[in-house]
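After this come two complexes, each holding chain A, first together with chain B and then together with chain C.
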Partner chain A sequence: MRGAVKLKKYLLGRVVVALVTVFIVITLTFVLMHLIPGTPFNTGNTNMDPDALAQLEANYGLDKPIFEQYLIYLNNLLHGNFGTSITYTNRSVTEIILRSFPVSLDLGLRAMIFGIIAGLLLGIEAALHHNKFIDRFSTVVAIVGISVPSFVLGTLLQLVLGLWFSGWVKTVFHTDFQLFPIARWESFRYTILPSFVLSLGSIASITRMMRSSMLDVMSQDYVKTARSKGISERAVTWRHEIRNALLPVVTIIGRMVGNLCTGSFVVENLFAIPGLGKYYVNSVTARDYTLTMGLTIFYAIFIVTSTLLVDIAYGFIDPRISLAGRKR
Partner chain B sequence: MTTIKRIVSLVLTLSLLLGLVAIAQADAATKSISVAIPSDPSFTVDAIGDSNGLTTSLIREGLTRQGQGGTLTLGLAESYEHNEDYTEWTFHLRDSAYQDGTPVIADDFVWAIGAQLDGTVEVSYPDFLFEIKNARGIVRGTATVDDLGVKAIDDKTVVFEMEYPVTYFPQLITHPMHFGYSRASAEKIGFAEIGLEADAFISNGPYYLESWVHDDKLVFKKNPYYWNAENVAIDEIIVYVIPDESTRVNLFLNGELDLVDFDASRLSAITAAGFEPLTYNNGRTTYVSFNLQSVGVKNQKIRQALSAAIDREALVAGVVKNGSTPADGFVPVGLAGDDTRTFRDIVGTTLNYPYDEARAKELFQEGLAEEGISASDITVNFLTSNATENATVSAAIQQIWQDTFGITVNVDVLDSASYRTKRTNYEYDACFLSWGADWNDATNFLSGYEQTEDHNPSQYYSEAFNEAYLRGVYNTDVTARVTDLGESEAILLEDAAIIPLYYTSQYYATSSRLVGTERRAVIPYLDFYFADVK
Partner chain C sequence: MLEIKDLRVSFHTYSGEVQAVRGVDLTVPDDDITAIVGESGCGKSMTAQTVMRLHDMSITEIKSGEILLDGKDLLRLTEKEMQQIRGKEVGMIFQDPMTSLNPTMTVGAQITEVLLQHAPKDARGKSTLSKAQAMEQAVSLLREVKLPDPERRVRQYPHEFSGGQRQRIMIAIAMACHPKLLIADEPTTALDVTVQAQILELMRNLQTTHKASIIIITHDLGVVANFAKHVSVMYGGMIVESGTTLQIFQDPQHPYTHSLLRAIPRKGMDKAQELTVIEGTPPDLVKPPQGCPFADRCECAMRVCKDHLPPVYTHQAGHTCRCWLMDPDCPPELRNKERG
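And then the complex of A and B:
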């Protein structure tokens, strides 16, 4: 019982910290956005009609002193109102998030699942066959995965698999069917290339992490003990090595959730995926204050929540970790 | 090895079967084409849709419309007339209807134009409507929408009163801000909701928007109630939202798009695949504007020298490389002049300081002497944006100016929002600009340099320019007014307040089955109204 009370107390504390974090993010973003020079208006080559400009600024409350704008924004936020975008006339920020985020989340989860499976397999195999071919191969994958930018890999795959391979299929089999469509987001096969491109970085880091973690565990005394007790090799690998080696990897997987699921500008742009990534980048360039603010707050909440969930999950995976502090 | 072979053959067989199913589903009778636009379009009352103005031109039509080969044809009006001094235009509407069968009426124009001026719907550039009587007053708050110079005489007749003679009014109203929209539909949808979704807009154009998946895909179908529906050949136009140019080109090469715009770097890929690269003049002039108050460039001779230093032929061939042509004036080629000739045909060249290095150096020395400064005193902060070729071309010009005159030129490359602010506040000595025509008349370019008490869009002030410009604006002789406007352009370039560089072009390619696509110097830059598929 005491454990449950402690957990509740711990969670409450974490939620308070999370709220403070989000508040700081809101304030900082607000100040920074208004500090960078630039205006969302005046896109023509000569200056806008002053009355029209004044009317537009008034529409978005940009004519008021900055501190008042900040208070108004906070007040709206408390009423669940993220405001309307400035560049996408009349479109509410909430609508944009609700429409685009599920797509980014879908893509992110696909990339994560693929990245975790491929990364773990490669990392485990590399450690088990230390200094053999598969180990060297995993190093190559890790280096390529970390150093090749996704737009290079994406463009290459679009060309080779999307264009040339489809062209070859067309001439040989006389069909327009494309196993790897060049772009867009429809059925499963449309998701293969972007998910792979997005996952490559995670594959690389998970492989490296899992490999070194495995090698570390494999040289531990308890593994030697287990083996000398006569436990089967398979059981040693699964129960003692992999299970213990997984723990540090869970940490980076937690971080990956925030990275992958909030939308990648490059991958979404290249594969024409209607996700959230491009809105974030474009809204900053266009000085779309409301949209940038809304998306930042949304990201902050998402990342704070996912970090919290990962921390809780920790306790279940490793009983040695006690969320509520060390027991006496 | 055999397992791999088996898997490969299984995958290929499956793909073949699925492909056959897909082919069987396609309806051979429907003429359908696909194109791509770079971002989700906007269908608010003032919007041109996408950057080519294509999507809005599908679902909206004005009283007139741009025709084939640079001509102007009638749209929703079957005829029009004007009074003697071109201050009153009367349009007689055809029998046409919105996609739901509601007839197009004169009040549509009264409502849509008034709504953009009195703040009922949000617009960025109400200035586009300021030739209409009291339009400026409504924005300023000195007049109400009841005073607006757009009146419905009856359901089929709409009269526009002008602030000043507007001989080119039929050209002007091909811009969507002058289009009509049903008052009843607007009230039903809600003013702030118009055009946000496929079902929140009713079309009076040749197509209607059947479905819209944001940031992804729009399907346009023929509007059966449209007056000219029988002459609209293509039944369905699918518009994909594809932000990345290389992706668009790949989709085109793979046969998934019927048309693609591309820049010079994709030329070889397009040609290698057996497509013919085409170019069209997109009615845009790229030029340098000066801060007339800054020390280094406030001298007219120095600015003239900066103009004469630039070899525009070499610039377009060696740096711009997209089929653009050297500018010989400010108003771009392709913009209308009188009834038969273009502005440039009538006016000819007004670029008084074309490339001539010797003359440039001479002018520069004279300028230095007049100011009593030396070349080393001059530092030019050259503001440019990171869009398209701007930064590259700016760097080339920096090189030219530094090498020719021994002055210091700092290129300031900024993202477009910061660039706009610095430009608006004149935080530059020279500024790289590109401007396209919103309406098909030279005033579109020259009005930016007219300065009156309540209209000062730029720093430039010249009595001679104002005089020639206003003489042109008030001249009701269609040819003589072009000559007057040409005179004002010549004054602007003699003063070298701006120096034109080149008239921009755009590369594009079409699939072999698509015929009759119109590309032009004004909105819509891409038009399938006269197109068909073989």
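And then the complex of A and C:
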């Protein structure tokens, strides 16, 4: 199996490139973090006793030369040790990731699945009914999705569905049941609003992409060929148009995985969801070197891996792309 | 037999209604090759696509006319009934083989698709043709269009074939269900000259073995001369002259046909000698001329040509021409001018 050998070689190459990428990310973040003025214990104005401050910094090894600190950090990383958070005392970075990432991932996956389904359907329908109502509707959705920030939409939904609607339910049905709770992350109904708000951006871009891709495919000669065979309109749409129109959309979906699943600070904050986003933003303002570094490296690994997976999937979807550059 | 009667087709654009086909009458006899010749935008492709009803329904409008395939008017069929015709009774080949095959389906799947679609159904509505049988048929079709190593190549994708090979695959798809009529819309335009000859040869062989008839749309008179038995010359949305290939090439009547024939480069032509060109541009079919569409560019145009559309005159048996010069009242010296 020459093909399989080449595929292995290709994957190995990609993994090496991925490792180099992550290494660059580590180094850059390390340098940038230390370039920001202040330290975890002194972000600019502190009344702390200089001796105590020096003692604290020595405890965390921050008094050593920066290059030595870098080597120590790299050495720890190689042993799988992300270190302990400086602000959240006694919590290791690994523990924070393990506890909070599943929530972000859950939210991100829900938003992705909903975004993909809604975006594809809307895009396909818009193209099939070009210039009709549904097409114009999809344009509105796309513009709203791209231009309205999630904190505006999220707050509006909390007000309308979370407050007014449940108030109405309460007066009519005399129950405290909330279909769309305003905050927290407990059962399925808690996930509806945040997932929807988070997915809107992807719905918008998938809709636009799928619509234009469909319109392009629909005017292709091979669609005319398909029709000239006498197959039904539905078979033309599914077998010939949608399949080909999906190819460019898969690429942008791949890019979204990273964005959605690594936690959105705004949406998580708005709905009081205990995800990673909060930690990330707080760690930067608090100069929590270890936490920022750990999360950045974690995100980098996640995004590099998902890109690689999408590229591999692409090779299976589009027969013209052969990953290993093999000749048949 | 295919008969087109007074076909008028328009399509709507931003600049207005384009009257692409303005009253075409055409008879395609069984077991024969008919060519439609004309320059870009003369309505020849539109005519062909209307036979298959493959035109974009949202912008085109069939104004009038009948397209009779063995007496059945294709323009009156429902979409479902039309699907029974496409691929089964009429096959079609397109101009650009590089873009007319689906890039994400194996050629085998693209051939079996048409076979499975039109295979007879049993009482429960299930196809009597299994996928494996269809695949076998696809292999023998590829063998019939002279594609080497069909057993292996049937599983490959279009990007693994050359332009000429892809056009062979298109022919295999179009001929898969043994249609009575094959419409070839500029089938060789996108191909190298040597490949052109092979494709035409293949089409002619299939035409004789399958006893099908072929309509070939082209702007290449060389293709016509070597391939077709009948020729219709189109200009400005109508057929201006029609006859056997011999009649058209040896005894052309319409000034447009004359000019076309004069514009062909010939072997042994002096390099310094310029090619004859037809001055001017084809008429704007948004506002088609009242009279003869060629009047503006015609060397023999008379006053009547500008204002009145000439009727169809019969020159000889099977040879018709739409030109006022054919009128019995036309002075003979004018008629001879075009031959000068």
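Methods note: the second predicted complex is superposed on the first by the 321 of 328 C-alpha atoms of A that agree within 3 Å, B and C clash if a C-alpha of one lies under 4 Å from a C-alpha of the other, contacts with A are read in each partner's own complex, and residues count from 1 in each chain.
Convention: a contact is a pair of C-beta atoms (placed from the backbone, for glycine too) under 8 Å apart; a residue touches a chain by one contact, two chains touch by 3 or more.
Please read all numbers here as calculations on a predicted model, not as lab measurements.
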Joint occupancy of chain A by chain B and chain C, clash or fit: fit
Mind working out whether A:159 is in touch with chain B, chain C, both or neither, as first, second, both or neither? first
In the superposed arrangement, does A:243 touch chain B (first), chain C (second), both or neither? second
Just to be sure I read the superposition right, which of the two partners does A:319 touch: chain B = first, chain C = second, or both, or neither? second
Please work out whether A:40 is in contact with chain B alone, chain C alone, both, or neither, and reply first, second, both or neither. first
Nearest approach of chain B to chain C by C-alpha atoms in the superposition, in Å, rounded to an integer. 30
Could you tell me which stretches of chain A are touched by chain B in one complex and by chain C in the other? none
Flag every residue of chain C that touches chain A in the complex, lowest number first. 52, 54, 58, 79, 82-88, 91-92, 94-96, 99-106, 113-114, 117-118, 156-157, 159-160, 170, 173-174
Which residues, counting only chain A, touch chain B once they are in their complex? 36-49, 51-52, 55-56, 59, 88-91, 99-100, 155, 158-159, 162-163, 166-167, 169, 173, 175-179, 182-185, 269-272, 274-275, 278, 285-287
If we count contacts the way the header does, which residues on chain A are in touch with chain C in the complex? 130, 220-222, 224-233, 239-240, 243-244, 247, 317-320, 328
Residue ranges of chain B in contact with chain A within the complex: 11-12, 15-16, 18-20, 22-23, 40, 42, 44, 47, 119, 122-127, 130, 139-141, 192-194, 196, 213-217, 240-244, 246-247, 250-251, 253-256, 289, 415-418, 420-422, 424, 433-435, 448, 456-458
